Every structure is written in C-alpha cells, then in structure tokens.
Amino acid sequence: MSTFEVDVNGRRRIVAVERLPQGWFKVTVDGASTMVDVERVGQFGLSLLFPEDGHLSGTVQLAPAASAGERLAVWEGISVPVTLNGRRHASTDGAGGRAKGEQKIVAPMPGRVVRVLVSEGDEVEARQPVVVIEAMKMENELRSPVAGRIREVAASAGTSVEAGRVLVVIE
Amino acid sequence: MKLLIANRGEIAVRVIRACRELGIPTVAVYSDCDRAARHVRDADQAVHVGPSPAVESYLRIDRMIEAAKATGADAVHPGYGFLAENAVFAQACADAGLTFIGPTPKAIERMGSKTGAREVAIAAGVPVVPGTDAPLGQHATDDEILREGGRIGYPLMVKAVAGGGGKGMREVRSAPDLLAAVRTARSEAGSSFGNTAVYFERRLLHPRHIEIQLLGDHHGTVVPFVERECSIQRRHQKVVEESPSLAVTPALRERIASAAARVASAVGYTNAGTIEFLLDQDGSFYFLEMNTRLQVEHPVTEMVTSEDLVHWQIRIARGEKLTLDPAHALTPRGHAIECRIYAEDPDLGFMPSPGLVRGIRPASGPGVRDDSGVTEGFTVPVFYDSMIAKLVAWAGNRPAAIARMNRALAEYEVLGIKTTIPFFRWLMGQQDFIDGRFDTTYLDHVLADRDESFSALSEPEEQRIAIAAGLDAWLKSASSPGQASGSQPANAWKTAARREALGG
Amino acid sequence: MKLLIANRGEIAVRVIRACRELGIPTVAVYSDCDRAARHVRDADQAVHVGPSPAVESYLRIDRMIEAAKATGADAVHPGYGFLAENAVFAQACADAGLTFIGPTPKAIERMGSKTGAREVAIAAGVPVVPGTDAPLGQHATDDEILREGGRIGYPLMVKAVAGGGGKGMREVRSAPDLLAAVRTARSEAGSSFGNTAVYFERRLLHPRHIEIQLLGDHHGTVVPFVERECSIQRRHQKVVEESPSLAVTPALRERIASAAARVASAVGYTNAGTIEFLLDQDGSFYFLEMNTRLQVEHPVTEMVTSEDLVHWQIRIARGEKLTLDPAHALTPRGHAIECRIYAEDPDLGFMPSPGLVRGIRPASGPGVRDDSGVTEGFTVPVFYDSMIAKLVAWAGNRPAAIARMNRALAEYEVLGIKTTIPFFRWLMGQQDFIDGRFDTTYLDHVLADRDESFSALSEPEEQRIAIAAGLDAWLKSASSPGQASGSQPANAWKTAARREALGG
Amino acid sequence: MSTFEVDVNGRRRIVAVERLPQGWFKVTVDGASTMVDVERVGQFGLSLLFPEDGHLSGTVQLAPAASAGERLAVWEGISVPVTLNGRRHASTDGAGGRAKGEQKIVAPMPGRVVRVLVSEGDEVEARQPVVVIEAMKMENELRSPVAGRIREVAASAGTSVEAGRVLVVIE
C-alpha cells in the first residue's frame, strides 16, 4: 500500500492506494475506502470505474500545468489544480485541512503594474484582487488563489514586469 | 486566386478552410511565437513577418505586402482584429494590385470614425444614441467638456472616436467623474489607436446589444441577415452570442434589418459588415457603430441561415453577384449559440492563462461546430487575444441549443491550461440566461456580486480526482525503470516530468 | 428515465450525447476489450457484460437485462447491429419492464423476415423486386431450387431470409452456379443468423439503392423523410451515403415516401425505421426490405431536415406525439454526404487494421460533423465491425458538400492505424461520383479494375515525408540522454519506442 | 551531418541531415538538398517549412504503427508506412531502389483460413491476394504489401489462426 498527499482545488486529502489480486485497487481517501477499476487512456487520461459503487464511470485527465509539479485535472469540462506531495510524513496532521505553504503570484504575461492593492501583513481572501497589471492594452486583476497573509510584495506601480516575475507572496 | 491571410489563430484557420473548399491556395503569415501555430501548418505556404509583438509583425502593413509578393498571392483576407479595419492597409493592398477581401478603403475610413458613422446613420434616417455630434479634440477645455456632458445627461459613455473592442471606453455616472474618465479614455485611445479624440453618448440603462450582419456585392445589392444577440458581455467584450434574439419579433427584425441596409447602402458598402444597435426596453433601437469586417460571432448567423459568409466574402471580392434570397437571410432556422473559449482563468478574474496545450479534444457530434485554432503541443502566446476556440451549438430551438451547448462544454477537453469553459458551464445554468432576461449590464453585475469559484466541484467529484491522482502516482511509480512497485511513489510525478521533457 | 445503451463504439457515443442533451442518465455496457472505450468513459455508469467475442457479451440478452436491473435503468437503446433487430431482445426488455427504444417485437419479427416483409409490401400495394414468394426451406431439393431459379430468371440474388449487412447474400449469373451459391449463402446465414432459409430475387442490372427514413409515434402518425442515396457500396456494404439523391425528383420523392409510409402503417410501425428500395434506370422502384432500427447513415437525414432522430426515438418511446411538419421532413435543406471511416487498409483489399490509436484529430469547422467512437490510447479491437467514425459534410449544394468533404478528409488525422480515409479522398475526386453517375454496381466494378494504391503520393510529397523522418531521427538522437548530438542516430526510433513504452 | 536510410511507401531513400548555425537544417534526399525549418508539434508531429522553396508549409505525423520499428506517416489524410534503417552502411547501394528484406503477412485478427492462393516459390505482385481469411463472418483477402517471391507458406485452408500468426513470408 502506498499513501499520498493530494491537493485538489487547494484542499489536501490523504489517499492510500492498494492493488488487489484481481487487478482492481482499493483506494482510501481521508479514511473512506472504495473499489476502483482504472485504465489509462491516452497520455494523461485515467478511466475510473467504481464497480461496487453503482458502477459509476468517469474520466479524469491529469496533464502537467504551467507551474512545475502541478497538474491540471479536467473533469467534465471543469479543470482544477492538483498537486501531489508524495508519501505521507509521519508528522503531517493536515488531513482535510487547507493546503499549507506559500503561494506566489506571478505575472502571467509581460506588462506594466498599474496598481498594488495589498501590503505586507494584510490578510486576503481567496480570489481577492492583489495586483492590477496592464497587458495587451487591457487592465487585468491578479487575484490570490488562496486565503492567507501577504508575506511579501515584490511589485510596485508603474514598473514593467516580465512573464513569470513574482509579484506577491502569500503564506 | 491565391490568398494571403493577414491574421493568425482560429480566424486564419477558418479562412484557410473556406479556401480549401473553394480550391484556392493559401499563404499564412506568422510571428516568432507562432512558428508552430495551426494556421501556419494548415496553409500551403507560410511567411515569417517579424517578432512576436503585434506591432512588429501582424500590424506591419509593409511585411504583409512583401509576403504576398514573395509568394505570388493576389488577394488578402484581413480576418478580424489587427489590420482588419485599417483603411491604410486596404489602400496599400489596392496599390500593390492585391484584392482586399473586404470593403473599400473609403468605406472603412468613413465608418471607422464613430462620429462619422453616426452622421451617416442620421443622414440615412436611422436613430442614433443621443450624443455629441462632433468629437472633442485634444484641446477641448475642461469647461467645454463639462458643458457637453451636461447637455447629454448622466449616466453617459465616453468613447474613443477610433475605438473598438471595449478599449478607450468609460462609463461616467455623474459630472465629477467626467474629466478623469475623459483623461483615461484619451490615454488608452492614444496608445491603442494613435488618436485621442473622444465623444459622449447617453448611457441607456438596460439596453440589449443587437446587431445585423450584412453582405454587399459590387453590383449594388445589400442583403441584411437575421439579427445576432450579443448582450452577454464582460467589460464591453462579447463572450456569448446567439441568433435569433428572444427580444426581436419578426416585425422588429424587418425594421432593424432595413435600417442596417439603409446605412450600408448610404456608403455603397461592399463585402461583409455588421451594424450594431442598442435595443432599449421600450423597443426603440439606436445605431451604435459599424464593423467593416467579418465578426467573431459570424458562425451563429451561418448556422441559422445555412449560408457561408467567408465563401461569400471571397465570391463577392471576385465580382460575383449576391444571389441569395433576402427573405431566406432574414428567416432563422432553429437557434445557434456561440461561446468564445479563452485561455483565461475565470476563477482569477479571467486572467490570461497562456501556456503549453498538452492536449485538446474539441466537442463534436450532432449540432456542434468547433472553430478552434490550437492543437496539442502549441504554446498559447501572451502577445495576442487569448481566444483559442469558438464553440457553436445549434438546435431546433433555444432551450435545446442551451442543452446541447452544455453537453458540448462537458465533453470539451483542453489539457495543460485554464480556459473559460467552466464559466460557460455555469452561465448555461443561470436561470436569467435560460429565460433570456439579460441586457448588456447583466454579466458584469452578476460577476461583481459573485464570489464562488466557477470550478467548484462536489465532494464526490473532488474525491474522484484525488483517487485519480493517487492511482496515477501509483501507476507511474510502478512503471518507473529500476523501481519496485510503489517503492518510491513520492517521486512519481517528478520522474514522469523528466520523461515527458525528454520525449518528443 | 435512465437509459442503457446495449451497444458500443460510435453509435453508443451518439446515443449518450442525445441523452445528455435531454437530461437522461446513461448506462454503458462493455466487453473485455472495450474496458477503455469512449462509450464506457462517456456514460454515467458502465457495466461489464462478458468476454470480447460478441456472442459472449454484446449479444447476450440476459446480461443486458441484468445490467439494466443492476443500475436501475428503465429504458434500453439497441443502437444498430448486435441485438438491434432481435425481436426476442425487444420482448425480453418488455417482459423486464424496460422501455425498448424501437418498434414492437411483433413489428421487428414481421419485417425481419425478408419474405414476410415482401408480403406486407405487396399487400400495401408497393411493388417488390420479382422473386420467390415463399422461402426455400432446408429440405428443398436441387430440382425445386433450379426450377424456382429458372422462374425468376438470371442474373438473380440468393438472399438469407434473416439476412442483413451483405451477409448470406450471393449473386448468381447463370443456372450452373445456383446450387453452389445456395449452399454458401445457407452456410453463412446459418452461422450468422441461425436460420438457413433463403429466397431468390431478380438482380436488377443497374439499380440505385434509395431508402426512406421514417418515424412512427404511438398515436398512429407515420412521417417519412427525404430519401437517402446509398448506392456507393462495396460488396453490398454501404460506404458513402448522401441526401438528397440526384436521381430523385420531387415528384418521385413523394411517390417513394408515400409507398414507404404505407408499408410502415400496414404493420402499425412505431419509432425509427428505414425502408429500402431499388430504383431502376426507368424510374420504377421496388421494395427491398425494412430495417427496424436506426441506421448508420441517419446523420445525413438529420443534416438536411434539421431534425434529431435519436431525440425523436426517445421522445416517441416516452409517448410523445410526432409534432414535426411532414412537408418539412420531405424538403431537403442543402446536401449532406457521409463517409464511414473504417480501421481498414484500402490498399490491402480493405483488410481490417485494428490496433492502438496513437492520436486522433477529427475534422471540424463549418458544415462538418464528426461522430467518432474512439480516442487516443484506445486499441481498436478485432472482434467487431471496424468503423471508427462517421464523417458528415453539409453544404448548400452537392458540389460544395463534396468540396467540403475533401477538405475535411484532408484535415482528419488518425495516428497509428490505417483507415479508409485515403480511399474516400480518391472517391471524392472520381468524375463519375462527382457527376452522380453510379448505381450499386459502380464501386465493385471500379475497384476490380483498379490496381494503384489509394495512398500514392507524388514524388515531392514522398520526399517531404522522408525529410520529416530524417529530421525526426536527428531530433530524437539529439535529445537522447547521454548521447552527443547525432552520434548514434541508428537507434533513435528504438530509444524512442522504449521511452514511449515506459510513458503513460 | 547524419545520414539515414528511410523507406517511404516501400521506396528507400538516403536522407542526410545537417544542422545549420541559424537553426535550420540542410536536408539532402538522394543527392538533392533543401533548406528546412522544422518544429515539433505534439507527440508525433513535425511542422516543416521550406523557406527557400516557395515558403511551402506542411505537417507530417509520424506515429508508431502496429509492426515494431515501423511508423505510419500521415500527410493530408493519406497514411504511408515509413521505416528508418539507421546509419547508412558503406556497402549499401540501394539508393532509390525497392526496400529489401522479407515481409511477413500475418493474420490481423483471429479467424479461419478459407483459401491459400499462392505456393512457395511463386512470384507475386504488390497488392496481389495471397490468403483468404474468414473473420467477423466476412471473407477478407490478405494481400502482399510488396512485389516478391513467396518464401514460405505457413497457413493451410480450414485451420483457425490467432491474430498475429504468420501466414506467408515474402522475400
């Protein structure tokens, strides 16, 4: 049996995978187990069947996303970020909690910083605008992907930034 | 004929498809970042026209003309955006002996000035939104600006004379905000269009955006089509379009279409163009502006009228007569809806989300049309509009078209980057949208009030994704060379990333 | 309603799409080799019904009923092929309280016997191809067989009473060949349909295959649709279908459609069905048989009539009234052509070419509909019909539809296996096809005379592929770990194969 | 510079690839050189531009085929087999000639051999039928992919065969 920490949409779950003799898997998510028949389809797809759970069927695509180590899961037209934190550490107690660690907000394209809406130490909510950047002649709000506290503001209004430049760090 | 497409992305692919159907060889142009773009690969020939920034490539008139000369192209399709409404470009094509697939430079210039176009409409007896007759030049004093604002009344819109696409446009709710709005609009307009002139228009409170597609040939015939409903806008940018409009009766359709045809005829308009109107709640309509080119939303008209507008553009430019039945063009068959799929993250304020497309499986099947411009392995660049596909659903009636769009959105897979598909899935389920209760202010209002993610999944769905991720890691570690099954799963995705980087 | 699709592949995907549009949950069934098939993944639920051979899975009536019970499905769509025209299955569904999306068991049984169907047609005053009235049983003597053959005249067709899809069918040109043909047809029919009865029909020399789609509701209404032209056949199997037919005038259409409706009404037919006719060169037409199910070629009818036949099948089964306008159903809008894309190698006598699909990019864009049933990563199995997609092109007229089909075929990419796309590219360029000069004997004749490959490329094209292969090898060797650029190119593809085998 | 033997549609060509300083390649096929600008697209695609040859553009897909070591090239809806024989051997003189070596005809599906149409030693033409196999209740002709001589007949009428079973070897 292998155990993984998986963050889906910013929510951490503990996933234990055990292969059963007949080829199915017993997968336990946050303590609840289910039987899964899985097949790879194409480069990034997994077809899941739940033979003991109403014969439910579904396909999840897990393709690498722009940020290294992150995958973008696609399910019925909805895509959500997924990260895998590897084997469960004995000290981890984050089951069911919010994902921990810092989040960097980077410029997704070259542009000019128009406004910085937060200061170090501010508490922000998920999806709260933090920086406004002008690119392609349109102003775009950059929002925090998570709730947290601003640890660092590395951008100032009026400066030009390259794509990938870190603007704000949230913890 | 050999046709050069002075554009990129999905519209270039759309034009190439039409040319292939008509047996016309095609020439694509591309900037540095578009070397591997689909339009480059689908064309018969392709010419590099400069670095990635549009001003150094897709906006370079000289490079376009050179590319045509170098490949022996004798016609140019401008698509939309970039040089599509640039009279200087149209004239340069004419001067170089190239057939420009669009109206005359004169018509582009005349209708390209928003105040000039208003004058044409007024002269043709078509109502315009109450506003300033002459533009406010760079030297208008604050007093003059405020006086003119008072004359129009608030709320009003400040608009760039040369504007378009929501740029150089500001809403002003009361007099104290006017001067600042004029300054901002001027600055945007100056950097976008090289022209700082602005004018004012009264802001209708709950208008619908209704527009009439039309075609004009070189023999004096102008044919207007059934309206498009484009009121679903985010920050003045259309995101969903449909045809016909729930708000337009056959009698009103006749009146709007005939008003549009009068405006087009007044300038001897040729080729494809669209006249935009605001439709007020009391049923009055006002001329807004004319787009002297093909529009992004042209497929909804094609689906309900069974005509191919790009074929017609080429045929008209070749001198053919418009033989289509005007009554037919005004009679919609069923209902069509288009969603503009952008590489944007709707959960982060629709931030552009450029990057490597790891895979794309567009929706298909009955009643679905996909006009996408990207393929697996293409990196959506940061330099241009981030629309990657137009998805259109057709059905016998509007509820069935919405249901089909929902089905199509759910089966559309774009891997590796965020798109606006989750936003459209949400929108198709909104009761106001389903009931047709919306105007141009609808979407911005709803979005301002809304705080939830468009990508929210149910608990069982999130669990299923977690299960998939766990199984993926397990399977990857089991297949890693030199590793016993499941022994070092922590590195599974990193190992996979290394392999993916190595692979083709 | 919850609907179980007792089928696989593209038709199962087609039905699932319709259900999603109608808000109906779906249940797929699958055999061993179809575990990762698209229909399994697209359905809400999926039930394993047995090993790969169809007799042990998709033909197992008991397993279908069990799967419906296990998932709470209360309706069954049989698709086409497998159990679609099996009256015992329809009855078993009824007995289990499941709504069968199709006609009554009685209608299936009545029209499923070719000789029984002929009797119905004769009674309804519809001409049939001259032939034997009663089937020749297993114990008919050689003398009886030869006497009956002489009565019909040569050439004649020996047909299995329970036949379909070209199986159990033999052409006989003169008396000496008759007895052998009867033996072969019986043996095929016995193993395919469990019924060795055969009958004879006169062989028309240059007939077209024209068929009428129809729908019947549970309130006594039968609506026939504009004809489909299905004369492009290889060994009695349709490969290209279109609507309308160049050979059918509006007056003839009225007559054939009304004949078809008379036959259907005579048996109180409900749901979707198709009546096939042979159209002789002199304009006379003859009833051939009835298919008591949806047909592969139903999309061409959908495209020219704007109706959704699968939606109607479900609505009719729910008891809804057929509210469509009969005049509308008989008036084609433009022209639609369908190509059945098979996993077959047209250059090796259309041998099945099953295997791993490394990638698929279906054609798309204006006027193109792709109903495909496979995705990247699926292994096309050897056990079933090898059709992987139906590709349909619609345009305002037939030449434009052919041009569009050509465009669509050129952009359709299926990687890793051979398909019939090159054959269709060739066919779309044949002058006889373009001019509509063909009958059911056309394709077999042309193919018999033909020796060139369908995949022949020009010298520059072959050179380009050689260049691509050389560059591919160069790039692969340059990116191989631990190798200097180009040092060991000989192993480039082998190294790549190892990596691909490792990767997901 | 690297040199490869490439078989396209059964025709062998000698392809020499040389990278030029500006990133383009000089590719020489059977002695004739051309300038190529190449980009990978997706897993198996190569976008080719010929900047000095009328700016021609085209995409070739090169995906692995069922037979090991063979690729199926797709070009504008047409697919043709391609094999790469590696570095040119000093002794090879097959430039422009037919591909050499044996060809095996295998059963593409489980079925029953109905007829064997050739005998050992027979000369066959390309696409000539050699074996008839019944599967899925239809008779299918297996044809020779190349012109050659029958070296071995390993099938006999009436026997059942598995998919992949070698039926005839042509040299």
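First chain written, first letter: the chains are A, B, C and D, and each begins at residue 1.
Heads up, the rule we're going with is that a contact is a pair of C-beta atoms (placed from the backbone, for glycine too) under 8 Å apart; a residue touches a chain by one contact, two chains touch by 3 or more.
Bear in mind that the values here come from a model prediction, so they are computed numbers and not experimental data.
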Nearest whole angstrom, what separates the Cα centre of chain B from the Cα centre of chain D? 45
Can you give the whole-Å distance between the Cα centres of chain B and chain C? 39
Per-residue overlap in chain C, given as positions that touch at least 2 other chains: 359, 375-376, 410-411, 472, 475, 500, 503-504
Residues of chain D that touch two or more other chains sit at 40, 42-44, 58
Are the chains arranged, by touching, as a line, ring, star, complete graph, or other? other
Chain-chain contacts, ordered by label, are A-B, A-C, B-C, B-D, C-D
Give the list of chain D residues in touch with chain C in this complex. 1-2, 4, 6, 8-9, 11, 13, 15-17, 19, 25, 27, 29, 32, 34, 36, 38, 40, 42-44, 46, 48, 58, 60-66, 68-69, 71-80, 82, 84-87, 108-110, 127, 129, 135-138, 140-143, 145, 163
Chain A - residues contacting chain C, complex: 37, 39-45, 47, 49, 51, 54-59
Chain C contact footprint on chain B (complex, rising order): 13-14, 17-18, 20-23, 42, 299, 302, 306-308, 310, 333-334, 359, 361-362, 364-372, 375-376, 395-396, 400, 403-404, 406-407, 410-411, 472, 475-476, 479-481, 496, 499-500, 502-504
For the chain C and chain D complex, residues of the former touching the latter: 166-167, 188, 191-192, 347-356, 358-359, 382-385, 409-419, 421-422, 425, 451, 453-457, 461-475, 477, 485-486, 489-494, 497, 500
Report the residues of chain C in contact with chain A in the complex, numbered from low to high. 27-28, 35-36, 40-41, 43-48, 70-71, 375-378, 503-504
